[in-house]
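Each of the next two complexes has chain A plus one other chain: chain B in the first, chain C in the second.
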Partner chain A sequence: MIPKVDRGFFLSLLPFAAIIFALFALLAYVLAHESWPALERFGISLFTENVWRPSERGVEFVKYGLLAPLYGTLVTSLIAAAIALPLSVSTVFFMEEMAPHRIRELFSSVIDLMAGLPTIIYGLWGLEVMIPLLRGWVMSPLHEHLGFLPLFACDPLSGASFLAAGLLLAVMIIPFMHGVIKEAYRQVPRTYKEAALSLGATRYEYFRIMVSLIRPAVIAAVLLGLGRAASETVAVALVVGNAFNISPCLFAPGYTISSLIANQFTEASFFPLMENVMFAGSLVLLALGMLFSGIGVVMMRRVRELYGR
Partner chain B sequence: MIEEKGYALQIEGLNVWIRGKHIIKGVGLEVPKRRILAVMGPSGSGKSTLLRAINRLIDLIPESRVEGKVLVYGTDVYREDPYRVRRLMGMVFQTPNPFPNMSIYENVAIGPKLNRLVKNKEELDELVKWALEKAMLWDEVKDRLDDPPHRLSGGQQQRLCLARALALKPKLLLLDEPTGNVDPVNAVKIEEALRSLLRDLEITIVLVTHTPHQAVRISDYIAFIYMGELVEFGLTDAIALNPKHELTVKFLRGEV
Partner chain C sequence: MDAREIKEKIFLAVVVILSLAAVLPVFHVFLSVIWNGLGVIMKAGPRFLLDVPPAPNAGLGGIAPSLAGTLLLAVLSSLLGIPLSLFAAVFAVEFPDNPLAKGVRVLSKALLEIPSVVVGMLVYAILVVPMGRFSMLAGALALAIMMIPYVTTYVEQALEGVPFTYREAGFALGLSRPKVVFDIMVGIARRGILTGMLIGFAKVLGETAPLLFTLGRDRYNIPLGPLDYGDSISLLIFDYAQTPYANMHQVAWGAALVLTLMFLAVFLISRRFTEEVFL
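Let's look at the complex of A and B:
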């Protein structure tokens, strides 16, 4: 029971806290409500078919299936996480264990700065700097020499592609994953580090023991990173190519749910059901985001339980 | 006791500074093989630092500086790769610290695996059993080797850590107040285990303790450290019966 003197203060804060939950509930409700017409009309085929046939003539002429943007979201996020994971884990280890104090502080600030940059900056950089380099030095050679592999089979036309989006997303989620892993790493009590080293572990063996000690946090970082990558919008829209395309080739242009919404929303009101389809897409993002964050939070709690802080 | 030639541990003019603070001040001592050295002194006197200077865990502390010489079975600790040096030694810490993400079995097996002491699973099983027996824990855990270590009591966890260190077949065993956070029954078991180790194995033990009783009860040699200085060093009987320094007398009486 709250003491009487504090009750007034408690009651005055309550609405502010409650507002946040109410807003979230409202958001989820609106997404579900607005998606409903599209879900009702197309059913499961909205997520299993690749069709984008808007029409101004009437509801009966339109047909939508979000499979291509769903596929693109999945592929670009996975590429991003696959690149960002080893980089962030090894950066954390390097900075926490090997880098001199000053360099660690400098790097730390730079990485925190990277996490806070407006994403449009990454998008522009990706479009103007990364894509030309990637196309000239990575995509074209790979296509020329290893073109028989389905991954590299297609000609990198403009360079805007799954690979470009995945790589850019990797750059964008590294600071974030790095932060999650670093926090966990710093929670590991020194006595475990001493125990590992006292067993005669080399640097590499020590690294493996340390990573195994924070494995839940690494999983959390991957999930939260995937969630971030899937929801990133403008930067991806600039480099992914924006084509309804399902292809195993990394150099082919594609779409993601977020970039689709960003690109098409301005015109969506002219076409029947298009807005509802986009809401359905964002509903999927919301569900995935909640799932990933949920598991991530549980994993981080496990780290805290293990190391009691 | 079998007499062995040579020293297990030789320390000459050892000085340690941490962040500019002089922690260990010119310590020198020699311990023959197959003996227990008890390093005793009040808390904060530099005992743990001395231990970490022997197996170079001191390297972990940035801004630490070491001068002097440490020889372990003839190996010059500061002229060798730290991980090679540490493979000569095992260490047990003040608070039980079995790896929480590994099973009881894996905790003991990890050292031999890292050091490639075994060729196959059978040898590893054998070694794990041997180490747990030596730590007097085997009977209590033989049916639940796959359990996580936090299911064990604190004292059992500490014996697990002893087994983890022993599985490396170390020549020098370092213990940092191993019974400080353990109940009396388990403390006795750990002391018994240590004594039987010395009977059966080619091993030398350095035990840090802040209780003079434990030091006198268990050791062959005592080093009394106060404020980073080696006040007195010698055979346990000599120091217990006839301490030369006034500080040692006071510490043995429990007055420092």
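Let's look at the complex of A and C:
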């Protein structure tokens, strides 16, 4: 209960709090209201089929299925998290245990910079610099020599592909995963570290002990990284190739939910139901993100409880 | 050397290599932006900041409307977002046991989990469609929503970092609660609060996705009012990078350099604040 003298203060701040609540209420309403027509019309097939047949003629001619963008979102995020995990674990260990003070400071500034750099800059770099390099040095050689593997079976035409998007996303989510792992790493009590070292562990063995101590945080980092990667929009839209494509080949162009929205939402109002389909897609994106970050937060709480801080 | 030591040596080498691999791309990004962008801006001269963009295959022109749009949007969204975040954070910190305040604390962080493109769609649905037009106001609202989680986090931390004795001292002088909070606490925590504002500002400077369906992309006129169509540097880069015209790609690189420099400036200023000792 708020004491009487504070009640005026409480009430005068309440409108600002109400705006935050209202934002979420509006979000829930808009997403539910806007995606309902699409869900009602297509049902579960909206997420299990790969069709994109807009029509200006009328609602009975259109058919949509978001399987390809869903697949692309999943594949690019998984590639990103798989690449970013070893890199961010390394940066944490390097900064906390190996680097001299100066270099650690430098690294930490660079990682902050990575986290804040506008995503469109990554996108432009990915499109104009990374893709040509990737195509010339990685994709083409892999395709030529290991083309019999389904992963490398297709010819990298433009270079815009699942792999390009995954790699660019990896660069972009490293700072977030680094941050999550670092926070947990610092919570491991000094005595545990000293115990491991006093038993004569090499730094490799020490590292394995440390990682096992913060395992929930590593899982949390992967989940939060996946969520980040799935929701990234413009950078991916520039490098993923934007094609409704479900292919095991990493060099094939694809789509993600968010890049689909970025590319087509502006024209969507000309076609019946297309906006609704995209709202349904964003609903999935949001649900996935909430799920991942929910589990991630629980995992991080476990680390905090483990080490009592 | 036994096997364990060899393993250790290999492991350490791998860690160093992977750590470098993690940060090298961002250096490459910076060098590419400077290299490509500087060439374009040298060629276009100061007109790059004053002209409108070129037609396809017709020189370099400039990015004046987009630059003005980015600056105006950052200011406008700060005007909307910073007071809201500040008061919401004060609410969360001052009434820690109140369920509403707890809710605000959780929800203002949860905004971070809403994909930025979805924020754009939300504002499109609640503002652009009812008003029947894109506008700077819609863009600024979307950006304001984006900055709330950053600003509230910093402000909450800053306020919570103020020792309780200062609060007690204020009450002992007979000050009212709002006076204690806004004159004493905010004053002491100003550095952290300012950092939060700067981080929020830096964040919205470069955002693209929330603006895709809110701003209208008028890159030939400088927006004069909140209801005008507008553009931002980030949108210009996004669109021009996808055109088939070489000169527009060059404009995109020049714009990328301008945006990166703006971001770096705000970043370095905010760094100066955090490097110094709190309080």
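Operating definition for what follows: the second predicted complex is superposed on the first by the 304 of 309 C-alpha atoms of A that agree within 3 Å, B and C clash if a C-alpha of one lies under 4 Å from a C-alpha of the other, contacts with A are read in each partner's own complex, and residues count from 1 in each chain.
Heads up, the rule we're going with is that a residue touches a chain if its C-beta (ideal position, glycine included) is under 8 Å from a C-beta of that chain, and two chains touch if they have at least 3 such contacts.
Treat the numbers as computed from the prediction; the structure is a model and nothing was measured.
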**OP:** Classify the contacts of A:T91 with the two partner chains as first (chain B alone), second (chain C alone), both, or neither.
**Re:** second
Original post:
Which holds for A:A153: it touches chain B only (first), chain C only (second), both, or neither?
Top reply: neither
Original post:
Which partner does A:Y192 reach: the first (chain B), the second (chain C), both, or neither?
Top reply: first
**OP:** Check whether A:T119 is in contact with chain B, with chain C, with both or with neither, and answer first, second, both or neither.
**Re:** second
**OP:** For A:L213, decide between first (touching chain B), second (touching chain C), both and neither.
**Re:** first
Original post:
With the two structures laid over each other on chain A, which partner does A:L67 touch: chain B (first), chain C (second), both, or neither?
Top reply: neither
Original post:
Is A:T202 touching the first partner chain B, the second partner chain C, both, or neither of them?
Top reply: both
**OP:** Considering only touches as defined above, state whether A:L78 meets chain B (first), chain C (second), both or neither.
**Re:** neither
Original post:
More residues of chain A in touch with chain C or with chain B?
Top reply: C
**OP:** Considering only touches as defined above, state whether A:F24 meets chain B (first), chain C (second), both or neither.
**Re:** second
**OP:** State which residues of chain A lie in both footprints, the one left by chain B and the one left by chain C.
**Re:** 202-203, 205
**OP:** Give every residue of chain A touching chain B within the complex, in rising order.
**Re:** 101, 189-203, 205, 209, 212-213, 215, 306-307
Subject >> Interfacial residue positions of chain C with respect to chain A in the complex >> reply: 4-5, 7-8, 11-12, 14-16, 18-19, 21-23, 25-29, 32-33, 36, 83-84, 87-88, 90-92, 94-95, 98, 100-101, 103-104, 107-108, 110-111, 113-118, 121-122, 124-126, 145, 148, 176-178, 181, 199, 202-203, 205-209, 212-213, 234, 237-238, 241-242, 249, 252-253, 256, 259-260, 263, 267, 271
Subject >> Residues of chain B touching chain A in the complex >> reply: 52, 55, 57, 60, 62, 82-84, 86-87, 89-91, 93, 95, 97, 99-102, 110-111, 114-115, 161, 164-165, 168, 174
**OP:** Please name which positions on chain A make contact with chain C in the complex.
**Re:** 2, 5-6, 9-10, 12-14, 16-17, 19-21, 23-24, 26-27, 30-31, 34, 86-88, 90-91, 93-95, 98, 107, 109-114, 116-125, 127-130, 171, 174, 178, 202-205, 207, 227, 230-234, 237-238, 258, 261-262, 265-266, 278-279, 282, 285-286, 289-290, 293
